[in-house]
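Alright, structures below, take your time with them.
One chain, subunit A, appears in both complexes that follow, with subunit B as partner in the first and subunit C in the second.
For the complex of A and B:
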């Protein structure tokens, strides 16, 4: 999760580091803490720290964490030589470590030698069959090979054991959305909302899925979840505001012929529209015309 | 930290002094064989002063208040973390490898 203050801090540090202002280690720590994917920058700045013996020894035991971070970033950038060197150093320091074994497996994955990677992972799983990270790697490997149904099957099996793992639920939901299996995706997002009810982005994603599914009942639920997203973000989420407008017009279109038995909160849409107009005026005044014409076409 | 802490200690000292004065006052009343109806005015004032100091120190010394609103800047989640456990490597970096010729030197 990345909150607004953390995001601004990250952007500030990134700017500072890119312009040679120092603070590379703080930046790398923040990237690790927030779990964002900035492989190119991590590789560049991490390597410059690792290649400077003075800076490296100043880190103390954190040095090894940095080696791991740089190794993964290097694999992500396909700089396999660097990754290999980092893993070699770690291997020397921690022989027989599972975590290093996992890195070696990932290196095989990055090379594209799937069979060998699979062999490495299954030998690691033999020692500890409940290793969550390695089980997740197997799912990722199936996905990388294009075997989406295999990945889903594997992930479902994993989730039967580790039901509280919300990252895995999110991954499953995203896979289902990519396959346009919205009902299943909706189920996953329900799980996510149950486990972390204060994360507005899950509410938003659930509402998106329901809106895509369509149908009067789903649209009404989607509108409620867009409203809860607005509640949790204080109205600063543009997508949720637009979602409210779209849902209202879709509901109005669907229930046009029928008698309107439940005319619920007619002011919600106008409030959302005013909030949107205000937001656009403040941040992108040149696009205000587009917004007003879009909103006008929605109001029937 | 420094100022708040000193004021807190001062407040506790004032409170204990007020307690001591009350006990002394009761002892005096016993000798004079009068009923105890309440501490004298100056002790009450001392009590209130000590109380204010203690509260002020307790609010400032431990640290800043954090926001509990879900929509405040510190709590509002704007993006989810990349799902790094499920990271896969076949993306455009494979076709366009990064042009940095840095190596791990040892």
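For the complex of A and C:
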């Protein structure tokens, strides 16, 4: 996760570099450290350093890290020739390096020659079966080929060992949602909430999944998670506010016939609705009519 | 007495400077030797998995109140049931884990290499210093010091009348041994500095028994009282919204 101060720092540096203010290397270091994906900028500024022999040699041994970074960014931008050149330089410097081997595999992958990439990866995995990056690449490759069930299989195998890797859990959750396997997705989101209990996005996604699953109990749980999202975001999350309204009306419909032991706060929905109206009034007053009619249709 | 002691410039040229230079050179040599001997070890999947299980179980314990009771209970059973739970260690297995670690020749080899590259040069240089330079007063520091520093600065000289600000050659060796880290990090780059204290930390990490922490984690998980925190959140959300609307 990139924190807000880090992001503003990054943006400031990016601005500075874009306008020719120098500090390109610092920018690239920060991008690497935060693991953000700004491939176009990285490619542009990284190449400008690499093409200038004086600047390049000033980096010392960091030069090779930069080659790697630029190569990956180039593959992301489909500048395969640039990537190829970078990898060639690295190959010359570090023959037999597994890290370079990984890059070559990625280049094959970027070209779309899946079979060859698979071969490269599996030979690398033979040497070190616990290479996390390569295992993740295989998942990505399966996904890119449209082989979703293969991706799930790979991910599950990966998670069997690296079960504390929450990024992998998140990927799995999103794949399950895309396949409408909500029960499995709910499990993954629970795992994410466990590993980072204060990230509102996971609460929100979990609530969404529970709401989609339906059923009285799930709806009530979903409402609670929407409420926790509101608490964690300070009421700024529109999706959570709408979720509260939807959940309340769905719960009311389901429990219409039964005796109403409404120990849950009935106030929450009206509060959420008012907050929504206020928010819309401030930021999109022309859409206020849509909102009020939608809310009215939910009214019990 | 102490003021009368004049150090020969030859001592500076033939003891102080050579000693420092040799220490630096040996440090660099050691770095390259240890780099040569370093073998990339493939971690055992079982150990990696155990570490990850512990992290995940710890997460479960810490965040238990954030997931519904049913989910928590199923996870707890998954982790700590007595048949095939991830944290459950069969009795017989627990003991031979350590023995197995010692019998693993690769591990012993690695430790040997680390030890060799650390201890051999140190003993050699110490012997060299002792043999050639024992009893030299090699330098004088430009400020007075209290008696307590005598054992630090005048190792190898058993004279209580010499002023403490004189440094014996053996003490100079020790000062170099421990004080050159900053210089190494300048020469060899930040992380490459051969750090003895760090090495010792790594050494003590050896012999750590993962099965023990698995058992501890299991016990911790067994006694967790699950109290779902989410119902409270509804009230808190209400309070937040009330504040927002106002």
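Quick note on the criterion: the second predicted complex is superposed on the first by the 231 of 300 C-alpha atoms of A that agree within 3 Å, B and C clash if a C-alpha of one lies under 4 Å from a C-alpha of the other, contacts with A are read in each partner's own complex, and residues count from 1 in each chain.
Here, a residue touches a chain if its C-beta (ideal position, glycine included) is under 8 Å from a C-beta of that chain, and two chains touch if they have at least 3 such contacts.
Values in this document were obtained by computation on a predicted structure and should not be read as measured data.
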Which of subunit B and subunit C A:193 touches, first, second, both or neither: second
Touching partner for A:167 - first (subunit B), second (subunit C), both, neither: first
Greater subunit A contact set [subunit C / subunit B]: B
First (subunit B), second (subunit C), both or neither touched by A:221: second
Which of subunit B and subunit C A:234 touches, first, second, both or neither: both
First (subunit B), second (subunit C), both or neither touched by A:268: second
Which superposed partner A:62 touches (first subunit B, second subunit C, both, neither): neither
Which superposed partner A:26 touches (first subunit B, second subunit C, both, neither): neither
Common interface positions of subunit A, toward subunit B and toward subunit C: 231, 234-235
Complex contacts: residues of subunit A adjacent to subunit C: 61, 127-130, 160-165, 187, 190-191, 193-195, 197, 221, 223-225, 227-228, 230-231, 234-235, 244, 264-265, 267-268, 271-272, 274-275, 278
Subunit A contact footprint on subunit B (complex, rising order): 69-90, 93-94, 97-98, 100, 102-106
Complex interface listing, subunit C residues touching subunit A: 42-43, 45, 48-49, 52-53, 55-56, 59-60, 62-64, 66-68, 71, 75, 189, 230-231, 233-238, 240-245
Complex contacts: residues of subunit A adjacent to subunit B: 1-5, 7, 34-37, 39-40, 43-44, 47-48, 50-51, 72, 75-79, 81-82, 85-86, 89, 106, 109-110, 112, 133, 136-137, 139-141, 143-144, 167-168, 170-171, 174, 198-201, 231-236
